[in-house]
Structures are given as C-alpha cells and as structure tokens.
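Chains here go by letter, A, B, C and D, matching the order in which they are written, and residues are numbered from 1 within each.
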Amino acid sequence: MCDKSHGDIAQIVADSGAVGADLLIAEQVTELVTANHILYAQGVVDAFGHVSVRHATRGDCFLMARNMAPGLVTEQDIIAFDLDCRPMNADGRSVYLERFIHGEIYKARPEVMAVVHSHSPSVVPFGVIKQSPFRAVCHMAAFVGVQPPIFDIRDVAGDGTDLLITDQALGAALAGTLGTNAVVLMRGHGSTAVGDSLRHAVFRAVYTEINARTQAQASQLGEIIFLSEAETRAAALSTEGQSDRAWNLWKRTAQSVHLSLLQQALLTEQ
Amino acid sequence: MCDKSHGDIAQIVADSGAVGADLLIAEQVTELVTANHILYAQGVVDAFGHVSVRHATRGDCFLMARNMAPGLVTEQDIIAFDLDCRPMNADGRSVYLERFIHGEIYKARPEVMAVVHSHSPSVVPFGVIKQSPFRAVCHMAAFVGVQPPIFDIRDVAGDGTDLLITDQALGAALAGTLGTNAVVLMRGHGSTAVGDSLRHAVFRAVYTEINARTQAQASQLGEIIFLSEAETRAAALSTEGQSDRAWNLWKRTAQSVHLSLLQQALLTEQ
Amino acid sequence: MCDKSHGDIAQIVADSGAVGADLLIAEQVTELVTANHILYAQGVVDAFGHVSVRHATRGDCFLMARNMAPGLVTEQDIIAFDLDCRPMNADGRSVYLERFIHGEIYKARPEVMAVVHSHSPSVVPFGVIKQSPFRAVCHMAAFVGVQPPIFDIRDVAGDGTDLLITDQALGAALAGTLGTNAVVLMRGHGSTAVGDSLRHAVFRAVYTEINARTQAQASQLGEIIFLSEAETRAAALSTEGQSDRAWNLWKRTAQSVHLSLLQQALLTEQ
Amino acid sequence: MCDKSHGDIAQIVADSGAVGADLLIAEQVTELVTANHILYAQGVVDAFGHVSVRHATRGDCFLMARNMAPGLVTEQDIIAFDLDCRPMNADGRSVYLERFIHGEIYKARPEVMAVVHSHSPSVVPFGVIKQSPFRAVCHMAAFVGVQPPIFDIRDVAGDGTDLLITDQALGAALAGTLGTNAVVLMRGHGSTAVGDSLRHAVFRAVYTEINARTQAQASQLGEIIFLSEAETRAAALSTEGQSDRAWNLWKRTAQSVHLSLLQQALLTEQ
C-alpha cells in the first residue's frame, strides 16, 4: 500500500523510480480528464458518477478526480489514492464518498486497469427489477454477457442504508458480486463497469447504457432473441477490438461539449 | 405582511434595516436568475413554470420573475411579493397567474426557503394516474419518499376549473396537500417542489423529473424494488448534502444555453 | 378568388389598396419565417411539414413558403396563394404538394387565420390506432379537447393512395373531418392544427405534440384521469391567453437553431 | 473486377478513360463525405456503421471511408474497393471489417447505387424480436414495405459467430435475404438500407429509424392500422421524389454538427 498521504502526482511518480514514469503519468492524467468529459458528453454521468484509472507504474495506487462533476474536471483536479482509498495529494480537497468502489475492485481484480461508476439513465431501471432480465441484446454490448450480476446493498447491510458504497467492507462486497464480470448493476443506485484500459472501461460504460436502452425498447415489442453465450464471447472479442474508433469520435464530441461549458469564461476573456 | 406595493428591491431592502441586507439580496437575485436558467436548461421548465426564493432578510416576502419564460429572465425581471402575492415593485409589469402556489406554501411552511413549480415532462404523466404509483426508485431522488401526495383541483373546486392555482384559497389547498412533503404532484397540470434553499429546491425539481423517467422505464420491465422508507430517509440526507456538485455543473450548462439564446443579439452587436 | 398568377407579394398588397397594408404584410412575412423556424426548432416539423397564414388584408389569399424544409425558409421564399392554392408569385419555383390542406381549411373556416401541417413525431402514433385514445391530458393542451377527429384517407379515396392531400377534393374532405376542432390527426401521415393567429396555430402544433408525448407515457402507468370537457374549455381559454410567453422563448431558440444551420456560411464569409 | 490494388482515386478514374469522369468522381467523394456527416448528425450511425456509393463510371468498384467514425470522415479518407472488397488505394490504412455487406449487395443488385449499414437505435430492437412486427406505419417510410426481411446470422453460420459480416459468403447470404427489398434488419446487430442514389439510400436509412420509433410508440397505444401494400407502393413513389428537400436540410445540420466536432481545432488555430 502507498504510505504517502500528501504531495503532488509528479512526486509520487518520482518516488516510484520507474524510467519514463513521469511521461506515462502525464499521459494518464490527460486521458483521464478526457474520459471524464466523454462520460458526461455521452450521457453516462451527469453531476454524479466517477471514473478512475490504475496508476501506470504503481499497481497499488489509482488516479481519480476530486469530488466534483466529471464534465468540469481538469488536470489540476486529479488526485492519487492508495487501494485503501486514502488520498495521497488531496491537500484538503474533498474526495468522492464512494471511492471504495474503485479501491476494492482494484484489489480484487489485478487485471482491471480502469473503473467507471455511474447512474447511467437506462441502466438504473434494470437494477431495480426483481429477477432483472438484463443481458446482451446486441453485438456492441456483448461484454454484458448473459447474466450480469446485481448488487443489492440490503443483502449485505440490511434495510435503511443510504445505498452508497462508503467504506471498504461495502466496496469489497460489491467487488465480490462483480466477480469476473465486466459490469455490475447496483439496486436503486446505478452500475459499475471495469476494463483492462481506460478506453476499454469507458467503451463498456457507454455500451452498457446503449444495451439497456435497446433491450428496454425491444422488451415492448415481443419475445427477444438474446445473444447466446458463445455469441457474447465471440462478439466481445471483435467489437472491443474496435473501441479506439469510438474513443476518437467521443473525444471530439467531449471537447465540443466541454468547450460549450466554458463558453461563458471564454467570452468574458475576449 | 409587507404593505409597500411599488418600488425597487433595493428600496425594500433598505426599508428592512438589516445590516448587510443589500448584499445578501443582490446575491439572492443573481442566484434566482441562475435558478431560472438551470431549470430551463435541465428541461424542468419550458416557457412555463416558475421558481421563487424567500426574501433573505424579510421572511414575509419572496422574490420571483415577472410573467415570462424562465430561460429569458434577467436580474431586471425579478419582483418582490408579499405572502398574499401582491407584487411590491411590479410597476405595471404582468405577474404569474399562479403566484399563489408560492405565497401559500411560504405561509404554511416557515422552513421552506424556495419553491419550484413546473410541468416537468416525465412527472405530468404520474399526476394523471388513478392511484399513482409514483415513489422514490433511486437514491438521488430519495426525497420523493414512499407516497408523495397528488393534488386534484376537482376535489376542492369541482369540475370545470382551468386547473390553475389562481387565488389564495386554491394555493392554501395545494399547500395543505403538500403537507410536510418535498414535492406535490398536480393532476393534469404539473408538480411543485420545495427546499430549504434555492439550490435545494432546484435539486429536488430536477431529480423529481429523473425519478419519474427512471420509474416509468422500470415499470415496463417487471416488478420494482422501491427504496424503503428507511432508505429514503438515509439516502435523502446523504445525496442532498452533495447538491452543490450538481449546482456547479448545472450553472455552467445554463450559462451555455442562455448564451445560445442570446447569440442572435450578440452577433448583431458585433 | 385572386386572379393574378405571378408577381411579388408587395405588388399583390398594392393591388389590394388597403391603407398600411404593405407594413402589415411585411410583418406577416417576417413572422411567418419565424414560425417556420420555431416549428423546426421545437421538433414539430423536420424537412417536411408546412405552415401558412391568411393574408392580412385579403382573406381570399394565404402566404406559405415554396417547397423546402421549414428550417431553411427566408423571407424571399414566401409565396402568396389564392384559396384554390394557385401560387400568385411562384415564378417557376416549386410549391408544396399538399397546399390544398391550407386552402380548403381557409375556405371552410373563415375565422381560421393560420394552419400548421406536420408529421410531429409523438402525434403520428396516435393517428394509426383503431379507436385512438388521443385526448387532452394536461391543461396546456386543453384545446385538443375530448375527442379530436382522425382523418383516414382510405375512407374518402379508397385503398392505394399515397396518403397525401394533393387536390381540392381531398383538402375539402380533410377540412370536413376537422370540423370545428383545433386539430385533426391524419392516419399514417401526421396532423394539422389551426388557430386564430399564427402564434396561436404554432402554440397548438407544439402542444399537440407535448400532449401526445405525455399521454403516451401516462398510458403505460395506469388508468388516466383526462381533462373533462368543462375543464378543456376553461383551461384552453386561460392557457392560450399566455401563448405569447411561449412565442417569445421559442423565437429566441429558433434564432439560435437557425444561426447554427447557417454557421458554415457565416464562417466562410469571415 | 478491378485488378489494381493501390493508387489514388484520381488515377483509378484516369484509368477508366471515361470523359469527364474525374469531375464526376470528385463530386461523388464530396457527397459521400456529406452522407457520412448526415448519418451521424441524424443519429443513424454513431462511431460505427458505414455508407458507400458505387463508382460513377466503373460499376465494378465502390467508394467508402477507411475504418473510422463516419462523423469525422474527410475527403482524404475515401478509398475505392472492387466488388470483392479489396481496397484499391488503402496504402496501409485499415478498412471496415464488414465491407462485404457493400460488395456483395452491389454484385447482387446492379441497380443499387448506394448502401448504408448502421446500428440505428430504434431499428435494432425490431431486429431481435421473434416474428418481428416491423413494417411501414407512415407514408414517409413507405419503402419499408409490409414485410421487410430479417437476417439472422445463426441461420447461415450457426451459433457462436461474432455477428459480423466479415467475408464474401456472409455478405452474399445477407444480400440473399435482402432480396429486392429496400432494407434488411440484422438480428442483434443493425440494418442495411440501399438506394438508387446516395441521397436515396441516406433518406431510407433515416426514415427506417423514424418508422421504427413511430411503430414502437404506436404499438403501446393499441392495434395499429399499417399502410397497405398498395399504399406503400404509391406513397414510396411520392415521398422519395421529395428526398432532396430532406438532403438540403440535413446537409446544413451535418455541417453544423461537423463544425462543432472541429471547434477545438478551429479555436486552437485562431
């Protein structure tokens, strides 16, 4: 575990002693800011939700924004956390209440490099249904699989919680329900998607939403032919190999949306 | 009750004699304009609907725009009203027909500091259903509770009304149905949300809409697991404590939308 | 009927001999262009649909754009038609195939001053349902009434038509089905709304769409309490009296949307 | 079949020896770029999907973008392919995995001049339904017909595929299912529309989506009166004759959307 509790990300990197690590981290921070803006521009997050990436050279740390709306995040807002979710350079800035979603998944899934938690609008409805029918209905969301798990906080913490994952025990329970899946739904709350890269996790978060929207519409039309288990495996391999195509478009869209958010400031400066 | 019937807001403040009141009111007016723009940008109001805030230093007055679309409101359009809804500085400008929604709620609920009335598109459908199923389905809208009330004007004024709250008696009846709740649905008309600050009321108005959209979608998928009463209490406390995060994002979005509404004027001036 | 078949609108006005008529018509043309842009910006029309206004000083003529997408209409595109739908100043420009919707309604309803025909997206579904349940569900759309008529072209022209109102006989049949109502649905096609002013007809076209969207959503939630006949009469009177509030907002939105359509041209000119 | 495997489009044209061919092709390339942007701006494609046009002077070739998001395509990204889908001037650039959809349809349907493949959001749900009810519900989408075919890759390649059309055999099977129709749905995947010009195919792709959205909404309201077979024939003829009206609007919208995607770059250059 990281034992430093304050300092800037560059210093943390310097401490790691890895050759070229500073450049790697600078790129990670830039891409993490873009990921925040993409998730907002694609409607996966609104003012709430968060995305993290495992530190490029230190597997026992991860990077995530301070407590703020993803659409407004800049490079100065990125903070490093150890896997117990202690901020390493918060300098008094507030951090997300639910950072334990991220830390505990990174502990439980060493291959996971990025985590997206959201209240993605079409996914929340599937999370509140008894015996939820949610599963992959189209090839682009094949990673959803044939039986994605649902985490109900009542099962582990009883009735009367605020539904939030606010400590390590709840985070560990959520990671347990996630298991080896790509995405876990959270009853009355949202969902969490993971990936082996930041782009991968963002791709999955966006297409989890699209699968939910598609399945909801289909469910009103008749009996659905879902992807078979074999199809989900084959299609996940093919389609996720194309995820850079989406990233490149979404990055441009996100820059446009972010610019419009800053329009007032830009006009004032003219 | 305020006995002045005309004059500007600054004068009303000066009359109140409170130290620093003029600054407080200037801030309230600015924030009320922002609230108008946020509610439009978030799709809670269109050309209709209105938002008010209780006067910062005089609890027997409230501030609200003149009769106009919220998306176009500027600081010059804000008018002070007494709790009987007599405008104090209208100077002949027309005022909202339904201002009695606001005045009567401020009378009945001394702790309420802001009121939003809207025809929020996903909420209207829940208001026209016999034995409406509306209740909190996700943590962000926990304040909706387990049985939000519905006001049917037919119950108090009989058939044949125009459905509008156009006098004190109707306003008082609506406030009675609202009771101690955060939100009241109005049959064939819309809904009204209250809060202990302007940001709080705006947050609730936005998430009432989101809860309705989420519940409507979920209701097509199977039997819903709603938030329990204990969960609504705990989650309302947690999530409403984070409402500034939303306000900061929505303010930027609202500025962007408001700018685009003024784009023609800006271009003409160049 | 007008007997001129070519010439510009100013000349037609001069011929009418009415004092001040040229100014009146200039205002009508400007407002008609705005109406086109509003209907596009509000999603009532896309590339198809059209809006007309009865000539301010000659009740036997009406103004409408040449055959083009409403969102792109400029003042130069407005053409005058007689009530048999012969263009008076087309100068070879193509005109809408379905102009007979307008001419025949103006003949049948002397008090109607404006007509909007659209494929408004939420209204088309209600037009294709046997025993369609469409009726006023909220106060803003009270003018929809309790049993708006549906025109099925099969009833008057048999199977195998192209569903379009392409001659006077079909226009007259549609006007007959409209009767004294504010709006008529057209099976497999769209709808047509009328008003006693351009703003009134635009208001009704927009709120017909909103009523359809609201009713469709409500119909999934349970049994609906519709506006009673007495309520539709009272509420139509109150809400339509506020239609300028909507027009003022929509005009600004429309200017913004129209500007963005012209953005490429503006950039090129810089 | 074309036997050149590399070189630029101009050279391919020069080789064709047709008088004026270079101008024709330059226009085709420009219009193909616009078609890409229109399909993105209208929501028919997102990062995925592709559009092609048969070469203006060589019927045994077609033009399509390299492997990238349609919304970002420029003239430099257009590549010529022979009908076996070998790129003629890729110069190492990656090409769409599913180009065989295009090549095999051009082989099977000599009159088809353009092909659009998409995951159009409202169409995918109709493709996953057993005994899908999809058919023309409104006049603008009359070309959909009364029983558009659905291609299920399981029927020709068994369980366990990635659902993609990645070789000539699968492309030929899809073309077989398309038959003489305007559009074919693809189970768990999307749909493909064809036309006798690029504008025609784009028109059909957009209105296939609109028909799906309309039918889905109508199906929740009651029993639908669909267009009869005779009506689909008559209405397709009338409405598709008006498709330039839509193209002209969509082109402007697409330019505006494309500009906003490039906004960041434009600002940087100032």
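Annotations
Here, a residue touches a chain if its C-beta (ideal position, glycine included) is under 8 Å from a C-beta of that chain, and two chains touch if they have at least 3 such contacts.
The UniProt protein names, listed by chain, are A, B, C, D = Class II aldolase/adducin family protein.
Note that the coordinates shown come from a computational prediction; the quantities given were computed from them, not determined experimentally.
Between the contact lists of chain B and chain C, the overlap is empty. In this assembly, the chain whose C-alpha centre lies farthest from chain B is D.
Here chain A and chain D face each other with different sets of residues for the most part; under half of the interface numbers are shared between them. Centroids of chain A and chain C (each the mean of its C-alpha atoms) stand 47 Å apart.
Between the Cα centres of chain C and chain D there is a gap of 33 Å. Shown for chain C are the residues in touch with two or more other chains, namely 220.
Touching chain pairs in this entry, ordered by label, are A-B, A-D, B-C, C-D. Across the complex, chain C meets chain B through its residues 137-140, 142, 210, 213-215, 217-218, 220-228, 230-231, 233-235, 237-239, 242, 245-246, 248-250, 252-253, 255-256, 259. Residue ranges on chain C touching chain D, taken from their complex, read 46-48, 67-69, 71-72, 97, 119, 121-122, 124-126, 128-133, 152, 159-164, 187-190, 216, 219-220, 260-264, 267.
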